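Encoded as structure tokens, here's the structure I'll be asking about.
By written order: A, B and C. Residues from 1 in each chain.
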Amino acid sequence: MDEVSTIAGKVQRVKDHWPGILAIILTLIAWHCYAIFLIRNRFLLPGPVDVFFAFIALLQKGVLLSDFRVSLIHFAIGLGGALLIGIPIGIVMGWNSRMDAFLNPIIEILRPIPPLAWIPFAIIWFGFTPVSAGFVIFMGAVFPILINTYTGFRGVSRIFVEAGRMLGCTRTRDQIRYIAFPAALPSVISGIRIATGVGWMCLVAAELFGVSNNGLGKDLWFFYDLHQMDSVVVYMILLGLIGLVIDMIFRYYIEGRFLKWRTGEVA
Amino acid sequence: MRIEAIALIAIALLLLTAGCTQPSGTTPTTAAPVKDLRIGYQPSTHQMAEITAMEKGWWQQDLAPLGVGNVSDKVFPSGPPEMAAMQAGELDVAYVGAAPVLTALATGLDARIVAGVNTQGSDLVVRNDLDYTGPQSLKGTTIATFPAGSIQDTVLKDWLTRNNLTPDKDVFIKGMAPGDAVTAIIAGKVEGIFLPTPSPSTVVNQGKGKIVVHSGEMYPNHTCCVLVVSGKLIREHPEIVRQIIATNDRAVAWNKLNRDEAAEIYAKKTSANVTDVKASLSEWDGDWASDPNVIVSPVLDYATIQYNLGYIKKPLTKEEIFDLTFYQKS
Amino acid sequence: MADRGGGVMGKLEIRNLSKAFPREDGSSLVVLDNISLEVQDKEFVCILGSSGCGKTTLLRMIAGLDSAESGSIVLDGEKMKGTDARVGMVFQEYSLFPWRSVIDNIAFGLEMQGMTKDDRYRLAERYLKLVNLTQFRDSYPSELSGGMRQRVAVARALALDPVLLLMDEPFGALDAQTRNMLQKELLEIWEATKKTVVFITHSVDEAVFLSDRIIVLTPRPGRICQVFPVDLSRPRDRTSPAFAQVRREVLDLINLNCSIQ
């Protein structure tokens, strides 16, 4: 009885996702035909078969796993720094109008500078260490976190704070901790989610400058220098998939766990 | 259901049309005149001939009678991106290190080396506070050089290995563009750089390093830059290829006789410091020489080294690399 | 419920209370003008007036959310300065913390006082029972109807056992049926907990049904126009002629004396 129901459940799930799966299969076939019949140049467009074999070769050499580990460290440094700096500053600016007026011009000048433009100073200040790559990622991740935290705090309904005061929550520290921060949390998490997307995209450029000898971004360029474009595509796909997984972790796990109280508000 | 039907029709169409295309490159067509000849180069004094010839208008002058409409040049920070551009069909001629050509040929580049450009001419520069007494002094250091697959990367790694230093274990090699490498050593972030002239002189003149090894000591008479021409140009316009070599030789001869003026032309075009350029010309161990016959053996040697390093998947033959028919001893 | 013997009362004395807000052009807008009134212990008083007459401002000043520059507010002989643990407030709407469950909302004030989890949940559950929402203990505000949310808001305010309960048009956003039901429930809770209640409304019906006295304010600037005792016995019947009579008197009073200055 149980086996039947789970099989039926699995079949149903496949049926639901069938259009998406079909699209992917069709894209692979189209890519294959286009590469083999039309382009006929492994350099200009490697076909999915070439990419697959390159993937197997890289997997066997064990280089993919060590690259992934190194990139994750860079990413963690950048994102960790962005959280440590972006959230507190966002809170201070969102809660206190004077600090907002004071810091806002500086933020507005720094924010539009593309993260990749910081690469020269990353090298000069931090040399060729993981902190250097992490710094470039940090410059991309910190502003979405800061600004979304700020917006979240500014948007805290005054009535919450007043209700809190009536219930004995009178110290600023407590008001931030028990009222403003939970109220702002959807915005904060949204900012973190955006920041991880931006930060992950900065990873490739950050690792370009020989920061370490491994790393998904670094090896993508390594194989470009050797004109082995099939391996380049392997890294591209890997980077995309990992970015997708990170985003999905946010959507289903983090937002599901911390923001379940919102379900009643939006359909 | 409708989506699947459309999709199946699309695939069918794709397969039908795919069968209808002509295979590229094998049918001989009447050679059209070359409207635009594109030359790639790097900002190194190794390739001064290209710059002199361009700035003095000699490319234009010598090639117009052969039907070339316009000659343009494009700068690349190092060999691998230059070869990528050629492989994408954006360059007809390239002044480039011999090693990047090999990796490109191994992945399907349709081109041949037709002449040499220079030999040697790269220096290992280390920070002033590093006490250099021999290769072993480099143990534990980080050296910045051209990216993987370049001449510098190949020669350096080979030299280290022959001196019992394992690259990336005993000595750390970081590949990057020359500008970044110079910045890195000036900022004290790497212990050494291994770059073609004039970059070493830039570092020395800023008081941030000292030259300790010439590349000729690592690999005597090693080929550095070569002249590469696209397969298309070879097949359709051999006369143009011959003239390109001749113009290059003309520029080399002039450069040797007019070193200071050549340095100024170079500095102006590449925004380099004239003093650094002049200094590099007097200290370098390199020589401009275009006879490809003498470089066949060293280049095949490179191919073997690259194969051993795992940079190329199969060894290359002389015929796959060279076309020696264009060079005429003058 | 806490036993309120031994001198703890809920007597509110307001003397010469005025409030003006500065306007953009530099002049000031007088919202309340020289309000003086007394509310006795355990009394249920409604402040009645149209929009803009300053009744919400008056309530906020009693609560301590807005400052009183001139005049005084005294509760049980002690002058009030800022928010006070003895005073609880129920806002009109959207005041429940949406990220907290019903029980955590009710227990919030107790958590601020440092009570342990077990203690405050035990106490909160008693108030949860008082407003008849026990089976919604772990629900979130977004899952509740408007009426249920206001009941939770009442339980939350009562959990700290204030002597004075302020209510700012708590049923204004609800439909008539729910409103009537909640008015009845509120009176039951009031009888059970014996609090002093100051209730703001613009509905005459509501004021007549709920209060011992109705304090009618004039439109801006807010002044006390009249204090109207409601001598109907409880429980009150909305449909009785006596009720209608009182209602008519209040309406006439408002229309004739207390509307336009």
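Keep in mind that, in the parts below, a residue touches a chain if its C-beta (ideal position, glycine included) is under 8 Å from a C-beta of that chain, and two chains touch if they have at least 3 such contacts.
The shown structure was predicted, so the numbers you read here are calculated from the model rather than taken from an experiment.
With centres defined by CA atoms alone, the chain at the far end from subunit A is C. Taking the mean of each chain's C-alpha atoms, the chain closest to the overall C-alpha centroid is A. Centres computed as Cα averages put subunit A at a distance of 37 Å from subunit B. Note on chain placement: the centre of subunit B and the centre of subunit C lie 84 Å apart, centres being C-alpha means. Each chain gets one centre point, the mean of its Cα atoms, and the points for subunit A and subunit C are 48 Å apart. Among all residues of subunit A, none touch two or more other chains. Interface residues of subunit A, counted against subunit C in their complex, comprise 157, 159-160, 162-170, 174, 178-179, 182-183, 185, 260-265. Taken together, the subunit A residues at the contact with subunit B in this complex read 19, 22, 26, 29-30, 33-34, 36-38, 40-44, 120, 123-124, 127-128, 209-210, 213, 221-222, 224-229. Against subunit A, the residues of subunit C that register as touching in their complex are 63-65, 82-83, 85, 87-89, 91, 94-101, 108-109, 111-113, 140-143, 156-157, 160.
Within the complex, the subunit B residues that touch subunit A are 3-4, 7, 10-11, 14-15, 18-19, 21, 23-24, 80-81, 83-84, 87-88, 100, 103-104, 106-109, 142, 144, 147-150, 168, 172, 174-176, 180, 183-184, 187-190, 311-312.
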